[in-house]
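Both complexes shown next keep chain A, but they swap its partner, so chain B is in the first and chain C is in the second.
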Partner chain A sequence: MFIVQVVFNGITAGATIALMSIGLTLIFSILGIVNFVHGIMFALGALVAHFATQSVGLDYLSAVVAAALLVGLFGLLLERFGFRRFENLVLEGAVFAIALALFLEAAMWAILGGSPRSVETPFSGVFRLGDLIINKHRLFVVVVAFTLIGALSFFIRYSRYGRAIRAVQQDPYAARLQGIEPHTISMLVFAAGAALAGIAGALIVPMQLALPDMGTAPLLLAFVAIILGGVGSVGGALAAAMVLGMLQSVITTFWSPQITLGIVFAATILILLVLPEGLFGRKS
Partner chain B sequence: MTRLPQQFGRFARAALTTMGFLGVGITASSAEDSIKFGVMTALSGPAAAWGQAELASVEIAADDINSQGGIKVGDKTYKLNVVAYDHGYDTTKAVTAARQAVSQDGVKFLEVLGGAPMAAVMTITEPEKVLAFGQAEGNHWLKHDTNYAFKIVFSVAANARANHTYISQTDSGARIVQFFPDDESGHSISEGILAQGRELGLDIEQMFIPRDVTDFYPIITRIMMQEPDYIELAAMPGAQYALLIKQALENGYSGKFVFSSTMDTGALKKAGVLENTVGSIAAPAYFLQPTVAGQRWIDEMNRKTGGNVQAWVSSSYDSLLLLKGAIESAGSLDPDAVRDALRTISVEGLSGKVNFHSPAGTDLPAHVLVAPVPVALVSEYRDGNVVFSKVFDLKN
Partner chain C sequence: MKRDRSMKSKLTAALAAVALTIAVVSVSFAGPYMIHVAILTVFAIVLGLSHRLLMLAGQASFAHAAFYGIGAYVFALSTTSAGLFSWLALIAAAVACVAMAAIVGPPALRTRGPYFLVVSFGFVVVVGSVLHSWKSVTNGSSGIIGIPKLAGIPDLGTYYWASIVLLAIALVAFLALDRARWGLQLRALGQTPKLAEATGINPGFNMVLAFVVGAGVAGLMGGFYASYIGFVAPSAFTLWVSVFILSYSVIGGANHFLGPVIGAMYITLTPVLFNWSERFTPLLITASFAIIVFVAPKGILSVVKRIPRRFKETPAPELAGPSTDNGVTPLDFTGKRAPARLEVRGLCHNFGGVKTAQNIAFQAEPGEVLGVIGPNGAGKTTLFNLLSGFLKPKGGQILIDGERLDNLSPAAIVNKGLIRTFQSTVVFEDMTVFENILIGVWASRPASLYETMVTPRSWASEDVAKANEIIERFDLGAVAKLSAGSLPYGTKKLVGLAVGVAGDPRVLCLDEPMAGMTGAEVEHMVKILQRMKATRSITILIVEHRMPAVMGLCDRIVTLNFGQIIATGTPAEIQSNSLVREIYLG
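Right after this comes the complex of A and B.
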């Protein structure tokens, strides 16, 4: 049972990283932008959930939807009025994203202060199966994360817009010749990626406390996941996120939290030395 | 309506701090007859609640000093100007901010939060003869040959000793899992605490947690195997240990909690675990019977921070009174003269007389603030509030 507990903890950690990394990898694959604002979107999702439940009086599930919509809209506006100018300018886009992320975080600290904010979940308490303890909200997070990732994969594989996304990923010029407008697709992808980060924040906040910098650590792991999984690959990001979550859980439980990140990065380096394109990346 | 000015104040403060990092420079002092007092603290990041409380305490002290006529040196009177720098509890940022404070802003008197930031800042302040007050734990930064740094933090190890002595007397052989931040402060504090706890016959295991950890489930899965009687939290930010407590309770932990540095009831309340910590043992150097000045400070802190009153930052207030006294006693702003005066004077602080001393059994200079006698408190819930009762006094 102890091992099952460790595995469940790993899956929970991996699900959060996956929600973050899938949006990030999609955005990179379409726009060629390393979106450092993604961590801020995660924090915004948590804060929207907080204010939607505490100030507006919405129930938690509606607050998660509100976080998805508002952060998604924020992402759409960012793409339209900011990131579009940096299409395929990886370095310039990254610098813009870093500056914007730092500014937004400083603004949030200034406006909201340093007091952490909490959100109540309707899924409080735990299931006990012998020695195994499964937190109901964590189970909810895992279920929602896998459902969303499954739906997104289905959408990308089988829907008209999904095929358009893949076409733009492969060759924007050829896609345009087929009547696909790459800018519409990039707005759609940016909004979807932002919405996923917002949902991740709203899902995580009942297990943590909302602070403006709460997205920093997940963002770092999400970057590792997309590189490990192969940039642009949704399945790769998911698999890599699960590997990272499991590594975190096993190392922390059996060894020490002090060295968790160090070992995660060492494992990443080893994998990349053997597979430079990541676990599921294609050779360019 | 009352939140608006507070939020604007926060915005203005953070905007100034951000501008400082962008190289614009914070010039809080425009009058000639003023003394800049830099507060280098965490205004962002997980320890922001500490930094905001610390800054508020310094601002209250500066306001009090200024409203009482300022600092008199000969026939000249100086006002204190507080300049805030945000290091986010990050050593690199602290060094950058210290360079700006000392080289660009001309700060000669400074307070720094955190052991690791303090050690880093001292590489700049000691050669430049800047008097630096360390609101910082750890035994590594203050040495026998330290000239211009003073330790103003209440000792976590001393507080922990009160808690451990009480536990050893009431629950001998108890198993305690202690959590510390994984940095210079945490490691330094842990060494002393481990030795004294084992001396008292307690079964202690220590764990070090990076300051950005928010998912404690794997850690708690591990410690639940050890069936601890107590989980002890030392030198961690309230927001972080509130989460740890929340997740420990979710995992079925039914033992008690021990708070050996702060017991941040605000953070515990926000995490929804305040009631679950009732019966905890705490030794946070609280004002058990605050003086008139102490009570006024509490009221001001409440007003200024919206309830983020943390007793340990009262030493920031007291140390500013000591600085005023030292400058007036020295009759000059010369750092050597002020330092020498700081080593000898005492003033009436928030909970009685305060002064710097050289702790017994050490070769340290008289640069350590005398702390109140540590006491162990047990919390209980009364009329919807958590109140503390003294159960042990280290003096006895």
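Right after this comes the complex of A and C.
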């Protein structure tokens, strides 16, 4: 039973990482941007949820939707007025993203200060199945995350815009010749990726206090997930995120949460040394 | 041109020296806080300079703070626990980092771009986590206190002068690397990796070397830092330190020697000079950082250096005009190696189920011009990639005068005398034509590590003379000083050919040398190739779609279709071959 508990915690952690890493990997595959701002979007999602429930008086579910919309809009604006300039300048784009992330984090500290903010969930309490204790909110997180990931995969595979996204991933130039505007697609992808990160933040905030730097650890893990999953692959990112979530849960349970990142990165380095293109990556 | 250059660099050096002297002397009167800031700025500059080496080769590393930290801890532990003499401990710090980088570098640098970014970033996290958790040695997050000063440098004032000496040594040393062969080779790798490899520059070895040298210097700085502050803790060597070290080069411009110097001074000095309050410093510094990168993605210096060029008149490069001779004067060079016989036996290759080379066999006699034609997708470029080592054959042999080339790396194949050009990535765009040709010249003259890294490249007068000879023979004198990227397409292709020829090839493989050229440019190119052929001093393979040119130039022609040779023969035989006519010539 204890093992089931650990596995369930791993699935919850993995679902959060997956929400982050799928957006990251799509953004990278379209624009060539290593988006370090994604951790900030996670924190923004959490903060939007906090202010929407505490100051505006929305209920929690509406607050999650608000986080998706506002952070998604923020992502769209960032693409339009910032990242578009760095198309295929991988290094410069990454550094710009780092600078922007540092600035936004500094701005959040300056405006909000260090006081932690919390959000109440309507799904408080637990289910008991014999010895097994399942936190209702965790279950909610898992259900929402997998529903969204499923919907996104469906969208990418079968919808008109999804096909356009895959076309631009493969060859923006050829896509343009077919009447697809790559910049529209990259704005769409940025907005969707940001919205997913915002939702992830809003989903996590009832379990963890909101602080400006709360997105750093999920961001780092999401990077590991996309590298292991092979850049650009949604399925790979999802699979790698679940592996990492499980790893995180096991290390946290049996060892100490502080060294999770160290061990995860050590494992990643070892894997990349053997497979320089990641676990599921193709040789270019 | 040379005088122009040296005058300019002398002026720059003189100005820099004056500015530095003024700054150095005035700071020594400015009180302990300013002196402290100046010392930290020196640390930042040296870290930035050492980090830039790998940036030049096109790889951004987040690992620098880890080596800085390892150096600091090695110094701290060996002076406190082991009681080592402080200067020996400083050497130990550098040696430890060199060893660490030599172990981690080769496997880590198999990854590229964003993958390497994450591997190096993982390295910092892992090192940080070890420093935190290995409490019995590192004392965990409380760190190590009571680290002794370096012997002979007891107080702030002497540390200041020592750091000035350090800065001077670092500037001279890194400028030397920049001016030596290595500086240009690293830039070549960073700009156009494939072409660099095709001129005999080994990417793996050079990147690891840049990584190791950078790590050693970072370790040394770590030791200085530990002795100066007297206290080390994991919090001083986090990912964010790496981010700032990386930002020095990006802000200033990694392509310029002074880039990381300016970047480091900007980041460390701006908050102090403008007296920003502690509360707003992070906000303002990161905001300005983002704005600088947005406005000038290639760094401040890339913008500054562009300004004077606007006022200078650039001579319009006039090339491809009718040559004075009638296309029969042999185009030869002094000190040529003898042409080689190329033999290909049973060469096989496939991409998954697509057979791109099936049992290909042919030979080219020394000095022969052999054409390779065939419809799109016939496997012509694959054949060239196999010959030059960019693809590994799944079977068969490639021999140059009886020596096996298959299974050698592209750089090793270049050293054996087989050189190729590319269809589209033709030149190093951000270098002058002269520098392009010089890199080509080096392909035929490997140098010792010492010469590569230390001797200024302008001192190798034979190389310079040979580059100038090539420039003269190819009529490129008018454009020698211009950046190759600014040239018209046809001229770029001509420069690309000259880079290949500069490497003194025994076998030269030309991948569509006339693709995309205008009529006049094609005529010019054909004439040059005719004149090269007249010397019979290079065995030449040409892939080309312009049939009149191919028929006129080649002694024999190999025709490919779906990875198979369907016909070999003289131009007349090929033109009358019914199969070739049906499939390709139409």
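Please note the rule applied: the second predicted complex is superposed on the first by the 279 of 284 C-alpha atoms of A that agree within 3 Å, B and C clash if a C-alpha of one lies under 4 Å from a C-alpha of the other, contacts with A are read in each partner's own complex, and residues count from 1 in each chain.
By our rule, contacts are C-beta pairs under 8 Å (C-beta built on N, C-alpha and C of every residue); 3 or more make two chains touch, one makes a residue touch a chain.
Since we're looking at a predicted model, the values are computed, not measured.
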With the two complexes overlaid on their shared chain, look at chain A and say whether chain B and chain C clash or fit.
-> clash
For A:257, is the partner it touches chain B (first), chain C (second), both, or none of the two (neither)?
-> first
Name the contact category of A:153: first (chain B only), second (chain C only), both, or neither.
-> neither
Have a look at where A:62 lands relative to chain B and chain C in the superposition and call it first, second, both or neither.
-> neither
Based on the superposed arrangement, let me know which partner A:34 touches: chain B (first), chain C (second), both, or neither?
-> second
Which of chain B and chain C A:169 touches, first, second, both or neither | neither
When the two structures are overlaid on chain A, which partner does A:110 contact: first (chain B), second (chain C), both, or neither?
-> both
First (chain B), second (chain C), both or neither touched by A:54 | neither
Which of chain B and chain C A:90 touches, first, second, both or neither | second
Just chain B (first), just chain C (second), both, or neither: which does A:5 touch?
-> first
Would you please give the residues of chain A that touch chain B in one complex and also touch chain C in the other complex?
-> 106, 109-110, 258, 261
Touch list for chain A against partner chain C, complex = 28, 34, 82, 85-86, 89-92, 94-96, 98-100, 102-103, 106-107, 109-110, 220, 223-224, 227, 231, 258-259, 261-263, 265-266, 268-269, 272-273, 276-278
Can you name the residues of chain B that touch chain A in the complex?
-> 7, 10-11, 13-15, 18, 42-46, 48-49, 51-52, 182, 207-210, 212-215, 217-219, 221-222, 225, 239, 242-243, 247, 250-252, 266-267, 270-272, 306, 308
Within the complex, chain A is touched by chain C residues 60, 107-108, 110-115, 117-119, 121-123, 125-126, 128-130, 132-133, 240, 243, 246-247, 250, 279-280, 282-283, 286-287, 289-290, 293-294, 297-298
Sort out for me which residues of chain A touch chain B in the complex.
-> 2, 5-6, 9-10, 12-13, 105-106, 109-111, 113-118, 120, 125-126, 128, 133, 135, 138, 207-209, 211-214, 216-217, 248-249, 252-254, 256-258, 261
